[in-house]
Structures are given as structure tokens and as C-alpha cells.
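Both complexes shown next keep subunit A, but they swap its partner, so subunit B is in the first and subunit C is in the second.
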Partner chain A sequence: MDFDLTMVNWARAQFAFTAMYHWIFVPLTLGLSFLCAFFETIYVRTGNKEWRAITKFWMTLFGINFAIGVATGIILEFQFGTNWSNYSWIVGDIFGAPLAIEGLFAFFLEATFFAVMFFGWNRVSKKFHLFSTWMVAIGSNLSAVWILVANGWMQNPVGMTFNPETARFEMQNFFEVVFNPVAVSKFVHTSSSGFLFASLFVLSISCWFLIKGRHLKMAKRSIIVASVFGLLSSSFVAFSGDESAYVVAQKQPMKLAAIEGLYKGETTAGLVAAGILRGDKQPGDGQDPFLIKIKIPFMLSLLANRSFSSFVPGIDDLVYGNEEQGIESTASKMAKGKTAINDLAEFKIARKENNNPKADLALARFKKNQDYMGYGYLDKPEEAVPPVAIPYYAFHIMVALGTLFPVLFAAFLFYALKDSLTRESLKKWLLPIGLISGFLGLVAQESGWVVAEVGRQPWSIYGLLPVKASTTNLAASNVQITFFMFFVVFTLLLTAEIAIMLKQISIGPEEGPLK
Partner chain B sequence: MQYNIYTFYRDGFRGMVLGKKLWKIILIKLFVMFVILKFFFFPNYLNTKFQTDEEKGNYVLEQITRNASLNKLK
Partner chain C sequence: MISTLDYAILQQLWWIIIAIVGALFLFLTLVQGGQTLLWQVAKTDLEKTLVITSLGRKWKMPFTTLVLFGGALFAAFPKFYATSFGGAYWVWMLILFSFIIQAVSYEYRKKPNNFLGSTVYELFLFINGSIGILLIGVAIATFYTGSNFTLDLYNRVTWNYTLLGINLRGLEAAFSLFNLSLGIFLVFNARVLGAQYLLNSIDLSSTPKLESKLRKHTWNSFLIALPFLIYMVICILFMKGFNVDDAGIVSLVSSKYLSNLLAMPHLLILLLAGIILVLYGVLLSKFKGSHKGIWFSGLGTVFVGLVVLCLPAFNNTAFYPSKLDLQSSLTIYNASSSHYTLAIMTYVAIGIPFVLGYVVYVWKLMDSKKLTKEEVINEESY
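So, the complex of A and B:
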């Protein structure tokens, strides 16, 4: 296999790498904060000190995760300014507001309610402490809204206009940006999957205690709460996943075609439940894309368009066009895009020469084709296709795990309510599965990220700006150095997180063992 | 009221056990990120090259239209 080691790919790899590391900490924060709030609510309602010990134990792990993960996302903003200067300038007006709100929100939340959450035991009333814990949970999740609004805009740019004078997208309608259907479905899906991951994390550690025969009461109680939360979250994940797929089908049909390995569009299209892709498959070569596959009839049409008999476009339809279905070819869009770029260049020159009539004419021509501008940077139509195998396998891994998790939560809840989790027979199969479930949750989380971000390639702003036109004009060596620096820094952070967490887990609840 | 808030934070920080270790990690991390990485390796490219927004806009416009003449030849 040949690797393209140009600057753009190093910058891509660096961003992907840091985002994936960052994404270990974030979903755990989103979900664990709510689990801490549930544990503490039970403590406040029952007055039982054992629930207080359980709350403090999980809150300590939440604190470790938060401390290690905090500010790791800022690294991504550094990269915007250095490696992606075209992009960061072009989107600056759109991203400024959401990211500023997120920063302010996080700061005030951390300075007030976090302090009460960790310093306030025995210093403030039980109810105010509980209120603070809930505020941390709600606030952390609301903080994520703004990041996902920014991400949603990149996937489906709305509520803006391109200003050719400043070379920036400028926000026209804040609410259209915030209530962008991609951002809404992304937030619901991402936060609920974070809840699910955190529930698996609690399940995983509780299983370790059960296997070791330590803190049995705490482990069983934690499993009951985590399983109920996990089951509820799983249904939200399924519901929001279905909505996400529908939105992707409407706004990013190429991504949907890639994650399903669909090359030739179909009416009454079936959903590939499992399959192995042909390694040498190329758009338009007429080969069957699959070596083997299992399909569920009609389901892709239903998923994509809410209709069993609808047409779902494939990669070939989107690249080469399909007159019958009214789908324009990428080559046609590229021609319009190149015209738009030429008109933009003419506008710039005319402005420089103070030739306003010529500038106005160029601008009027540019506006006719500006929605296709991004296609003007592509060298060939096939460049509009993402690397199909990566989002395809990531999607199917995510869905398979997402199907397994509710079954796992149901099994744990069943045995926990029967108080039979410590049965020897369960130690042989269910508890080991529970033990690794946290890792499986992480795999599902990262797979979801890969589906969303690799699936939208080659675009940084969907249809308007490809990744290769977003980068700074730098040498690849500049990015290579920092790539390896990040690798070292983030690996150290992750090692620290795991080491401190393992130590804290082995210590158990600070208020003594709950047998 | 202000004194109570002050003592709340003061006693909270003093009473930390694991928290002290975590704060050390946070401070080292922030130092590495903001002093070493940001300062030496991640300057804001446009801010270091240009002074005004107009200059930055013109540069980016030039970058995203630099293939315009090539487009005409195709």
C-alpha cells in the first residue's frame, strides 16, 4: 500500500490522532457526571451512608478523568491556527460564537460547581451539594453542545453567506446554525453514546470487584444503576443513530453510500448487516463491491428516506451522475466550482485595480456557482469519494457493538436484581464480558468518530472547501515533528490516567469496604 | 460572604490528597501545552505573517484562488 506523505495528510493524521485521544476523556466525562448525580441523588433520598461512599468513589474516578482530559481539546485549536490557517480564517466568524460560549460556560462551571462538588462535602448542605453535582452534569453536556454545533456546521453548512471581500463565511442566522439538523442529531447521539460508554465503564470496574470478591455491595449497586442508565441510553443511541443516518442520507449522501459500501444506487435498497469489501474495488469499475455480504431487504431505503420503496444513491450515481434520478455528476459540479474560483479570482483582481464595474460582474457570476466552489478544487471526480473501507468497517463495528450493549445491560440488570451476580457460573462468562465491556465501549466511541469524520472526506466544509485547500502552505516536516511530540505527550497523559485510576480503583471507596 | 468563599476554596485546596497530584499534572500539562507547544511549535500562522484582518483576508483569498489560471486552461 502506498501512503501519501504530503503535508495535508500529516496534518490530517495529527488532527485525527489528537481528536481520538481527546475523545477518550470527553464521553467519559459526559456520562460519569450523570452517574455521579444518580448515585448522590439516591444517597440524599435514602440518607444511607453507603450510597455516599459509592458516590465519592465514582466521583473520584470522574475527577481523575476530568483532570487528565481537561484542555486536551485546546491542542486541536492550536492545530487550526498553525496547520489549517486557510480553514480557520474562512470559518472564524462561524466558529467564534459557539467556541467562545463553550469556553465561558466551561470556565464558570468549573470555577463554581466543580469546586462545590469536590470541596463541598460537609461544608455545604446535602441538597446544595447534590444541586452542584447535577449542575456539573448538565453543564458539561451543554458545553458539548457548542462543539457539536461547530462540527455539525462543517458537515452541513447553513445559516451563513460567503463574503468574497474578506474570504470568510459570515453568520447570517445564529439559530439556523444552532438548530442545524446535523448538529441536533449529532448532539443527541454523541451525548447518549457518552452515557452508554460511562455505564460500561462502571460495569467494567464493578465486574473487576466482583471477580476479585471485593466491595461486593458497592459493585452490585453500581451495576444496577449503570445497567438502568445504560439501557435507557442504548435506546436513545438507537433512536438518535437512526435519525443521524436519515440526516446523513439527506445532507451527505456520499457518506451514507460509503458507510454501506453502496456503489450502484437502488430502489428498495437493502441494509448490509455484515460483509467483507473487495479490496481492489474502484468507483465505476462494475465489480461487485463485496466478497460476501448479508443484507436485510428494504431497510436501507427505510433508513435513508423513511420509505421502503425509495431510491438510495450509490457512489457511482453521485460521482458519474444519474439522469433518471436527477443526480448531477461530480464532473459537472467541478466545472461549476472551477468557474466560481475563476470568478472569485477575477473579482479579487478587479477590486485591486479599483475597477468596480468589472468586480461587480465577476461577483454576480461567482454567486451563481458559489455553492459548488469546493468541487472546483478537486482534480478528478473520484476524489469526491471517501476511503470507503474505513467508514464502512467503522460503521459496522459501531452498530454491532451498539446492538450487543443493551443485551449486556439487560443481562446484568437481571442477575443483579436476582442478587446472583456472584454465582460461580456467571464468573466464568458474564463477568469477564462485563470486565472488557468498557474497552468495547471505547472502540464503539472511536468508531463513531471515524464514521463521522472519515466518512465526510474529502471535505472540511461539506461541498464548499476540501481538506487539501484548508491547510497552511507549510512543509510536511513541520507537521511531522509536532505529530510525534503529540504522540509522546498524549501517551504520557493516557498512561498517567490509567495508572492513577488503577491505583484508586485498587484502593476502593475511601470510607471503607462495602461488603 | 467573600471571606467564606475564600476559606471554602482555601480549605478545599489544603485538604486535597489525590487532588494535589492531579493539579500537578494539570499544571505540567498546561505548561507543556501553552508555553512549549503553543509558543515554539504552534504559532498562529496568519497572525505571525500579517498585521491586519485585511492582509489576512487577501492572503487566504490568494491561497484559495491560486489555481484559477490553471482552471481556465483545463
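So, the complex of A and C:
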């Protein structure tokens, strides 16, 4: 089959661009919705108007962020149809269900109670308003559950079978799809990292107020709530990050090898804590992939297999095979895959011609190799390797930042509980770090997304359907035009969002109750 | 129990669910209709704020319903999702852009330092309410008039309609008078609903001019929508339709949709009831000084929407016909998900009444008091 690679790459770029833009706003929605619910809960329990002013301030920022999150999100669902119609048909039987459930149960919860959250202060009772704020938070996170069930299935396709009659994958077990270990670990990791990011966002803005000497009471109270939430979230992020890495090692060994820059598999493999990759490194060339590196002995084996002495396959093992470890080469899988594609074609033609004996024979041959069909679309074994440097650096940036954040939260909590956040000396080091921590959180968020999705390449459905076989039969020029339309519109909206957000921050909370 | 239901029944059930979601979306386009009225009915800042705030409390409803409509189609009829969205690329892309720019406009329009200025956000709302709804109508109309695609053995879509050497990817649907008529009808019907909704939700005692304009536009928009509706109904009654025989062969049959209406008299009753309800609602708003016209016209719109979406799908009809290759046409039977997936989704759909229940409850709770001038001045407003 011939593929229009120009179209494939533009469609890929468009998805990456729109998803990364969307991902600027989503984690903040996930976490800030809960922080608003915490602030409002304190207000309702204490009846203290100061907490109401604090709630309303953060809610205003939540609303500004939420609107652009919604705007950038709608295209992601429909883009599967417009740019990836072959994908939509081949896996729609499984992939569509979580998206529909997300729409029904999560989006309506958000949409319905959002109006109460913003306009219901004097229209409904205090308790119903609080209930609505919680419903928005739950709805936002419920949305994450279903979208990550869908994404988890792309990373680890389970609970389905290929139906040659319809030429698509069909669901066999819904619960396997929902409780897919990749989906579960992804949800915990993604939502808790969203909580963490939102805590950093609150910390950042509060630090700005402290540095400027404005709205001190709100800033200090916000920091206490955000630090506690951030610390708790950090522990979930660390736990689920470890679990995610383990699941990746089991289900997507190529992705793990890429994010660790591991070309030659090792027993008692060490974890690269930091290192610079050699720019000209290619699979199978025998070069050391690193110019310099710092390794923690045994840790990669422990992370990947929960055993210090286990074997972790490298890129070369997965591409060229490793008989000793029982790893089949990609070339061998490709040969089986091409046979499967030919047998499927023969089956489909025979069926169309009502030649059932011939169809049955072709089907029997197809079934022997059907699991390898995706590999049949690859042109060379090395195509199975993702662009190593991108997930490698993204992973290490994410982990480094993820290690810094709990320390930061602990420091802020310590000074907040001592009521010494306004101390002059802190303006020289802790508050400036806190100020930029929101941006660092965003970098960690985007890095995590890059690890997950670039590390999945070249597959749209891991091991089964390559990205290049997933696209719509569409001239590249269409996607190029829409790419630039998205670029212009999203950038305009982001600029507006930042301008509005900064202005609202500088206006600050309602002063009266906080004096 | 659901999993033992016949495959065909599940397929039919799911088309009905999708038709209900689609019909509710058409009712909720009251938001889009209101958006196109903004510059005509609201002349002062206060009037604008009242209109925008009232609509702003509901803007997520049609948006979310549209997303659900897409998601449900993806889950239940993935071949349609792949064929239509991938094929009629530009129609869907332009619809989506109109909803993207809508989503920020309420929140950002009045915020200080909003970069683009409030007029641009109002323009975004107008584009969403006019071009967005027009194109949705055009896309729905292709259920009757067909599209220019073929499917291969693997169900991969090829779209083929060129003008001056350019493949229009669905935009050619706007060249059909029938398709455009449905689009224009939906735009003006949405304006009817928008005006009626605003009459119902705002306390207009302090803005009498706004009230008289809303009543005037209810009537005027209805008068503009009516000829397009009549033209469409006449066309539907006499146009050729895409019949599917017992062997699954698709062919063009004269007066197919008329015979569908006669074969499914409940749809005929729904259509007549829908038109009468819309008319009654409009008359209430125009001549009786009533604020309740929206409920009659809204219910009528839902009924008409149900008919528009069900008529080309049942009684052995291809709901997404191909003009290029009749045998590539999609029916609810060849475009659906597997039996297993439809059964699972049907279990999920048991939750729909619960969702509808809390949506209606919160709507009533929030709208139990009309939006007042004092509220938008002293409290939150868009």
C-alpha cells in the first residue's frame, strides 16, 4: 500500500499541535476545579467571607482557563474523523465508546453545574452551590478517566479481536478495555499530575502577590491549601509514575528503551539519571548512545521488572531480535505481517466474488499471522523505533521537575505554617522559585505528554496499526491549510487568555472581606 | 437482557438515540439563534449584557450536545463517522471552527484587556450562530441528497467532487438548493427559539424596547424560515430516495421519502405536530404577549428534528447515500458497531434519563427567577 507521507506528517503535526495546546489548559482544569472546591468547602464550613473572596478569585481564573480548554478540546474528538478516518473505522468499534461515555457522563456534569458555579451564588442555596462546584471538579476528572481509557487502549490494545469480514477491530470485553492496566496507571498519573500543576499555579500567583506585598492574607491561605494538595498529589504522581514505567516496560518495551536511550539490552540494567545522547546514533551501529551519562546501577531492571537482576531489552534487541532472550526481530514480524495483509486482500476479493472455498483458505492463512498485520505496513525494521531523543529528553525533564516539586511544596508549607512567608530573605530565593514553578509545572506536563505519545510512534495502535495507515485519504494541502488555521486561531486565543488572566491577577480578589 | 436483543433492534435503537440527541441539539440552537440576534435586538450596553448573560448560562448545552452527538456516532456508527468526517472534510472543519471561536467568546467578551475587543467576540458568536448552523443544516441535508464518496473493500473513503481542479471535500453540498434550504431554515428557526428563550429568561420590565424587538424578531424569523420549510417538505415528498432492497442493493426510487412517511405514520404525525407546535409557540410570542412560546416551539423543533433524522434511516433506506457509487451508501445496518459494542452502549444509555433529569432540574432551578437588570449590574455577568 502507498502512503502519502506528506499528508501523514502534517496530520501528525496537527494532532500534536492541537493536543499540546489543549494540554496547556486541561491539567489546570483538573486540579484547579478541586482547589476551588476545597476553598469553597472551607467557606461553607466556616462561614468566613474571606474564604468566599478567595474562592471567587480562583474561580474567575478557572473560568478563563476552562473556556479555552473547551475551545481547544472539541477539535480533538472530531479530528479522529477528519484526519484519521481509516483509524476511526478500524478501531471505532472500541475507541468510540469511551468518547461517547465521556460526552454523556462527564461533559454534561461539567456543563450543567458550571453555570451554577458561576451564576448561582445568589440563585441557589450555599450548599447546592458547593455541591455544584464539586460536581464540576468530579465531571472534569471523570472526563479524564474516559479519555485516558481511550488513550490507554491505543498504548495497550486489549479486550478486542480483528474481524476480517468487516476489516476492523471489534470489542470483545468492555471491562478489559476499561480496566486496562495502562489506562488505570495513566489516569492516576495524569490526574494527580494535574492536581500538582494546579497547586503550582496557585503557588506561583500567590508568590507574585507576596513579592508585590499585595493580598497577603489570600496569598498565604492559598499557599497552605495548595502546598498540602501539591504534596499529597506529588506522592500519587511518584507512585503512579513508577507504576506507569513498569507497565510501559511490560507492554511497550520499545517505548521504555527509547525514553532511557537503551540500545543494547542488559541484565542488571542501570537507570540513566542524566546524560547527553550522541546525535548521530543509529540502531545497530554499535556506537555508545551517550556522550556523557550518570547511571544509577540496577535501577532500570528494578523499575522495569521489579527485579534487580532482570533483563531489559534495548532498541537493537527489539529491532534485530535476540534469540537468547526469545525476542523476535522486527524483520521477521514484518514478513508475517505482509503475508497477513496479502491473505486478507485475497480473502476480501474472494468474498466479494462469492468464492467461499477460496475465501476460507485465505482466511485460515490470514489467521496464522493476523497479530503481525500492523508490522506489514512498515518499510524497514528501523521504522519501528520512535525518534529516541525526543521522548528521552522529555522523560528526563519530567522526572527531574517531578522530583523538585515536592521539595518546593514542603518548603512552602514549612514557612507558611511558621507564618514567615513574608520574611524579606524569602523574596530572594524561595518566592522567585515559587513564582516560576507554574511555568515549570507546565513544562513537566507537556513533557509527560510527549513521552506518552512520541514514545508510541510509529504506532497509532501499539503494535497493530501504524500511524501512516490510519489517515484519511486526503490531499496534504487540506491538512496544511487547517494546520495554519489552528495555529493562527489557537495562538490568538492563547494570547487573549494570557492577557485576560494577567489582568485578572493584577486586579486581584475582592478586597472588602480580606482587609 | 440487552445483550440478547437482536442486532437489528440495537442498530435501530441506536439510530433513534442519535436522532433524539440530534433533535435536542436543534432545540438547544436557541443559543446560536440568540447570538445572531444580539446586534439587532440589543442596542444599549445593558441590553447586550442581559442578552449575552442569559445565553451565556446555556452556551455549553448545545456545545456539549454536539460533542455527544459526535461521540455517539463514533461509538455506534463508526463507518459514518469515518466516511462523513473524513470525506466532507471542509464542511465539518468549518463547523468546528465556528464552535471553537464560540467557546471563548462569552467568557472573554467583557473581560478587561481581552486582546481582540468585545466586537470581535460578538462577531465570533454571530459566525457560530449563522455559518455554523447553516453548515450543520447542509450536512444533515446530505442524508437526503447524497454525497460524493466511494468506499473500497476495506471501507476506506475516497471523496471525488472537483471544481476547477480542486476537490471540494463536502463544500459542494452547499451548492444544492435543498441542502441550503435546510441550513437556512435551521438558522432562522434557531433565531425564533433564541428570541423566545430570551423573552422567557429575562425580566424585561426595565427594557421594554428589547421585549418588543424580541417579539418582532420571533415573528420575522419565523416568516423567513417558513418558505424554506415548505420548500423542503415539498421536495422531500416528491424527491427520489435511496432504497435498499432485501439483498442490500441500493437504488434510487421515486417518492421514497413520501412512501417512508406513509409506511411510518407516527413520523407523519410527529412532523405535523412539530410544525403546529412551532407555529403555536410563535403565535403565543407574537400575539398573546406570552413568555412561554419557547416551550411549544422548542418541543415542535424536537419533533421536526426527529423526523428529519429518522425519515432517511428507516424503512430500508440508506441514511448516508453515495451519489457516486450507490453501493457504497451507508445504512444503519452496514455502518454500525458490532452487536457487543451496541449492547454495551445500550447499557450505558440507561444513564441518559438520569443525565436529562439533572439537566432539567438545574435548568429549572437556575431559571426560576428571571434575569434582572440589577443582577447583571451587581453580580456576575458576561
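Here are some notes:
Going forward, the second predicted complex is superposed on the first by the 500 of 515 C-alpha atoms of A that agree within 3 Å, B and C clash if a C-alpha of one lies under 4 Å from a C-alpha of the other, contacts with A are read in each partner's own complex, and residues count from 1 in each chain.
The criterion applied here is as follows: a residue touches a chain if its C-beta (ideal position, glycine included) is under 8 Å from a C-beta of that chain, and two chains touch if they have at least 3 such contacts.
What you see is a predicted model, and the numbers here were worked out from it, not measured in a lab.
Aligning the two structures on subunit A places subunit B and subunit C in clashing positions. By the touch criterion stated above, A:D93 is placed in contact with subunit C alone, subunit B being left untouched. Once the two complexes are laid over each other on the shared chain, residue contacts for A:K338 go to subunit B alone; subunit C is not touched. Once chain A of one complex is fitted onto chain A of the other, the partner contacts of A:A499 are limited to subunit C, with no touch recorded for subunit B. When the shared chain is aligned, subunit C comes close enough to touch A:A475, but subunit B does not. Once the two complexes are overlaid on the shared chain, A:E170 sits against subunit C while remaining clear of subunit B. Look at A:L104: by the touch rule set out above, it reaches subunit C but stays clear of subunit B. Legend: residue contacts after superposition of the two complexes on their common chain; A:I75 is shown touching both subunit B and subunit C.
Once the two structures are overlaid, the count of subunit A residues touched is higher for C than for its counterpart among subunit B and subunit C. Of the two partner chains, subunit C is the only one that A:N122 touches; subunit B does not reach it.
Contacts of A:G376 after superposition on the shared chain: subunit B is touched, whereas subunit C is not. It is stretch 368-376 of subunit C, out of 224-232, 350-358 or 368-376, that runs into subunit B when the two complexes are superposed. Subunit A uses residues 63-64, 67-68, 70-71, 74-75, 78, 81-82, 85-86, 88-89, 115, 118-120, 123, 166-168, 345, 348, 472-474, 482, 485, 489, 493, 496, 500, 504 to touch subunit B in one structure and subunit C in the other. Residues 53, 57-58, 60-61, 63-64, 66-68, 70-76, 78-79, 81-87, 89-90, 92-93, 96-97, 99-104, 106-108, 111-116, 153-159, 167, 169, 337-338, 340-341, 344-345, 348-349, 351-352, 355, 358-359, 362-363, 365-366, 368-369, 375, 379-380 of subunit C touch subunit A in their complex.
By the touch rule above, subunit A contacts subunit B in their complex via residues 60, 63-64, 67-68, 70-71, 74-75, 78-79, 81-82, 85-86, 88-90, 115, 118-120, 123, 164-168, 338-339, 341-342, 344-346, 348, 376-377, 465, 469, 472-474, 481-482, 485, 489, 493, 496, 500, 504.
Interface residues of subunit A facing subunit C in the complex, by the touch rule stated above, are 63-64, 66-68, 70-72, 74-75, 77-78, 80-86, 88-89, 92-97, 99-105, 107-108, 110-116, 118-124, 128, 132, 163, 166-168, 170-172, 174, 345, 348-349, 352, 472-475, 478, 482, 485, 489, 492-493, 495-497, 499-500, 502-504, 507. For subunit B in complex with subunit A, the residues that touch the partner chain are 8-9, 11-13, 15, 18-19, 21-23, 25-26, 29-30, 32-33, 37-38, 41-47, 53, 56-58, 60-65, 67-69, 71-72, 74.
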